[in-house]
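You will see two complexes here that share subunit A, one where it goes with subunit B and one where it goes with subunit C.
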Partner chain A sequence: MKRVSSFILPVVLVLAAVVFPLVLGPYPQTVARTVFKYMALALTWDMLFRSGQVSFGVAGFFGLGTYATVLLAVKAGFSFPLAMLLGAVIAAVFAYALGFLVLQLRGTYFSITTLALAEIFRVILRNWTSFSGGPEGIVLQQIVFGGQSKALYWLNLGVLLVVLLVSVWLENSKFHFALTSIRDNEVSAQTSGVNIFRTLLIVFTITAFLQGLVGAVDVVSYGYAMPDSAFDANYTLLPLAMVLLGGEHSTWGPVIGSVLLGVASEYLKLKIPYGHLLVYGVIIILVILFMPRGLLGFFRRKKGANRG
Partner chain B sequence: MAKLTTKKLTKQFGGLVAVHDVSFSIVSGEILGIIGPNGAGKTTFINLISGIYAPTSGTIKFEGKDISVMPAHERAKIGIARTYQLIHPMEDLNLLENVMVGFLFAGNKSMKEARLAATELCTEMGLERLEREVSQLTMLEVKKMEIAHALANTPKVLFLDEIMAGLNTDETKEMIALVKRLARERNLAVGVVEHVMGVIRELTDRVIVLEAGEIIAEGPYEIVSKNKRVIEAYLGGATDAEN
Partner chain C sequence: MASSKKAIPWIIAGAVGLVAILLWKPTVLIYGVQRAGLYAAIALPMGLAEGILHIVNLAHGELLMVAAYITYSLAQALGLDPLLALFPAMIAMAIVGYLLYQLTIRKALKGPELNQLILTFGIGIALSQIITLIYTSRTRKLHLDYVSSSLTIGQTSFGIWDFTFVALAILMTIGIRLFLSRTKLGKAAVAVGQNPRGAAIVGIDVQKTYSLVFTASVVLVGIAGSFFLTRQSIFPGVGSPFTMKSFSLIAMAGVGSISGVLYSSLALGIAEAIINGIPGMSGWSDIVFFLIIIITIAVRASRTRQS
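And now, the complex of A and B:
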């Protein structure tokens, strides 16, 4: 019974998301696409964070996916689906190769190195003008689906669903145990047979693939790539804030956090341009002070306290 | 035949030699006590055997095979398990899930199999209400969970690092009986690090005494405890040698 009921809410939400564009116009659809993008990135960031590793490299792999897609489509004439898939694969290949180095590091050393990698990608693409178009970036000849709002919405939703499925799979497979034991006690995890490096490398590569895929979908939806926007630090920082608000180490947490912050920032952008970042900052400080495990953790604890 | 042997095993941290030329062996079904004053190198020795540290020199053989440079997670798979002196259970996993980890990874079982095997093992050890969080467990239950966590590797060699610390007299008695039973039933080679000599006397077939990283005595507890060097080593360090 419990298993069945726990499926009802997700199924209803997904169905609502699918029929959303039939009911509401282009503007809400665009807002929803932005929320989906950040929700997907927040989920991927959390997947690695379930092992305790704090990556600041999300923007790096997002940007790699973006640029690989655009270059394959424009310079090599690949079709959109193929360019997008390869774009994500290229981000994953970079993560796999770099993982051999950065996943030897822990704590702040790991975080700072991933941040530096994202910056290096940006600087190279910004300066290698003959290859990447330099600071002005590259423009696609056309947007996917001719820019049809509904089609773009469903494409972005589709990618989000893929990310959600991966997140749920990680939560319900052996990976849940591997990642949690690495987070809680690396030494003891090893002596229970967990291959720590291999586990981290697999998850790092999977999340980079998904981040690259989100970047690929983003670029074919908007039609251009520029180094400063494709590697925007917000792609690293906002997902992190969303996870902290919603609740870490889960699928629901990033989903809740990204809807709240995504919608709030859209509203605030209209009311106080650029001021929304200030509000962001205040929200994050309040969450860390009063709900260190996010909304989900806060309410779970309350429920637990009531029970006894 | 010896299950596990070390030959001239040495671990150096900078200028400090924590374990020096330790050669020992342990056979299946045997419970070996490892004693010595604080800082004698007992835990470092276990860390070497379980693969947390790589030896500076010397060899470790398991069932005749050299495992000196084998990574810790592979040693877990071939049948080496241990508990930790400072207990850090997986706080984000419940009692049953903590025990499942070894079955999942060292034993390479599926989720379903691991859940079943862990439930069986916990029941065998007298653990109940397995969905509880670790923070809700008593000290005795935590210690039992630690042993179950190690036994989930389905080990042939098991090292228990101060598993009795923090238990009262009755609980210690129960634990001694439990460890004996588990070792006999599974034909395990067990290494026990303990400070309480009463436990060592009750539990072990044989004892090795470490001081400053070296073996200074070896034999049954009754004989080793009368050894002059052993008494001196303890009088210099701990005061519970006569407990």
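And now, the complex of A and C:
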């Protein structure tokens, strides 16, 4: 019985998300799309973080997916669905190949190198003008679904659901134990037969695929790619803060964190056009210092304390 | 002995390379050295904190930026030259550094390395957003006559103001080394850096030492920030690339090696200047930097894993 009841809330939420645009107007739909985008990125960041690796390269693979999709659609004349899928695959291939280098690294070295990779992608696409359009970027002739806001909403929601399913699958597969054991203690993980490098490489590639896919959907929804917006550091920063606030190493945590922070920042963006991201910095600091398990951990602990 | 013999071919190759650059374009060498001075002056304070506290401060570049803004405001409000505004700015940065340490870093030092990384990342964002809130993201610049002074030797003419960064870097190196080797506090700091528990046992106040060294590193990067303002336009994001650059320069030099930072800065400054010196290539200079970073980090990390 408990298994069935644990499905009720997610199903209700997903159904509510699906019918949302039938009830509410274009502006809430745009806000929801932004929240979906960051929620998807937050989930992918958390998937790798479950192994204890802090990637600062989310923006890099997001941007790769963006550019690969645009270039395939504009230069090679691919249809949108195919360009998007291949865009995500290209991001995954890059991650797979680069994984052989960066996944040898741990801790700060891993984090900084992923950040450097994202910067390299940006610098290349910024300077290789004949290929990528340079700093001005590339514009798509048309955006997907003729820019119909409901259709775009459902497309974004669909990608988010894919990411959610992967996240839930990872949580319930043997990868979960492998990732957790790598995070806890690599030596004992290895002695218990976990192939650390292979596990990390698979998860790194999967998350890059999903990040690329989110980038691909973003670019066909907005219609242009520019190096400074496709590789915007916010794609790394915001998901990280969302995961920390909601609660790390889970699917619910990033979901809760991205809804709270996503809606809050859309509101603050209107009130304070310059500097509204201060909220993200402050939340990261406060969570690390006072609430290391995020909201989820905070309430779980309270519940436990009440019971005990 | 063996290692110094191994170094000989490298030194010869380096010297030949430098002569070749000098014959090709002397200004490349000059600008490379000047750039290296700037990099080193920013990286050295971070290296100090990393060597003693074993914390990678991802807000380092933002602290540079904050110091530049404080200096800018003082210069504008009081009509001071930024190099005079430097002194009140140093006091302000000391307060910033002390508070940052006491309110945030101190608590995180006990936690895992990743928490420190994420914490300082958050501090960096908060600092740049606070500055955006106060000053907006508009670019600001001071127009000073003396920074455009130049010198002509033979047929080559070049700006000389940027040599102040070289001087600053050398002064910082000497200052830090003298502090660590000659003063009681500095010796205590070295001991704490090597073994905090052992240092505590022999009666060194570890917390006080950490607080002092972190504050000192913030003040030093603040000085670099004031000098940075004399030459460059500033905006809230101006500092963040320097965090990564400084981290990489320290990784290249080896954590704890103060003079090593000078050499790694020199190598990178000149490499970037070479790319900048090729017509139409200036946009690519960053890529050289990032490639060198990745190679260095990969080599260093694999070496530490083996040992």
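The criterion applied here is as follows: the second predicted complex is superposed on the first by the 308 of 308 C-alpha atoms of A that agree within 3 Å, B and C clash if a C-alpha of one lies under 4 Å from a C-alpha of the other, contacts with A are read in each partner's own complex, and residues count from 1 in each chain.
Just so it is clear, a residue touches a chain if its C-beta (ideal position, glycine included) is under 8 Å from a C-beta of that chain, and two chains touch if they have at least 3 such contacts.
This structure is a prediction, so every number in the text was calculated from the model and none was measured.
Novice: Considering only the touch criterion stated at the top, classify A:N127 as touching first (subunit B), second (subunit C), both, or neither.
Specialist: In the superposition, A:N127 contacts subunit C only.
Novice: Quick one: is A:S79 in contact with subunit B, with subunit C, with both, or with neither? Answer first, second, both or neither.
Specialist: neither
Novice: Thinking of the overlay built on chain A, is A:L105 touched by subunit B (first), by subunit C (second), by both, or by neither?
Specialist: Only subunit C; A:L105 stays clear of subunit B.
Novice: Of the two partner chains, subunit B (first) and subunit C (second), which one does A:T113 touch, if any: first, second, both, or neither?
Specialist: second
Novice: Just to be sure I read the superposition right, which of the two partners does A:H249 touch: subunit B = first, subunit C = second, or both, or neither?
Specialist: First partner only.
Novice: Could you figure out whether subunit B or subunit C reaches more residues of subunit A?
Specialist: So, of the two partners, C touches more residues of subunit A.
Novice: Contact-wise, after the overlay, does A:T180 reach subunit B, subunit C, both or neither (first, second, both, neither)?
Specialist: In the superposed model, A:T180 contacts subunit B only, not subunit C.
Novice: Taking the superposition as given, does A:S192 touch the first partner, subunit B, the second, subunit C, both, or neither?
Specialist: Once the two structures are laid over each other on A, A:S192 reaches subunit B alone.
Novice: A:I284 contacts which: subunit B (first), subunit C (second), both, neither?
Specialist: In the superposition, A:I284 touches subunit C alone.
Novice: What residues of subunit A sit close enough to touch subunit C in their complex?
Specialist: Contact set of subunit A toward subunit C: 52, 54, 56, 101, 104-109, 111-113, 115-117, 119-120, 123-124, 126-127, 233, 237, 240-241, 244, 272, 274-278, 280-285, 288-289, 292.
Novice: Can you name the residues of subunit A that touch subunit B in the complex?
Specialist: 173-174, 177-178, 180-181, 183-185, 187-196, 249
Novice: Going by the contact rule at the top, pick out the subunit C residues touching subunit A in the complex.
Specialist: 56, 104, 107-108, 111, 113-115, 117-119, 121-130, 132-134, 136-137, 240, 244, 247-248, 251, 283-284, 286-287, 290-291, 293-294, 297-298, 300-302, 305
Novice: In the complex formed with subunit A, which residues of subunit B make contact?
Specialist: Within the complex, subunit B contacts subunit A at residues 50-52, 71-73, 75-77, 80-82, 84, 88-93, 97, 100-102, 104-108, 111, 149-150, 152-153.
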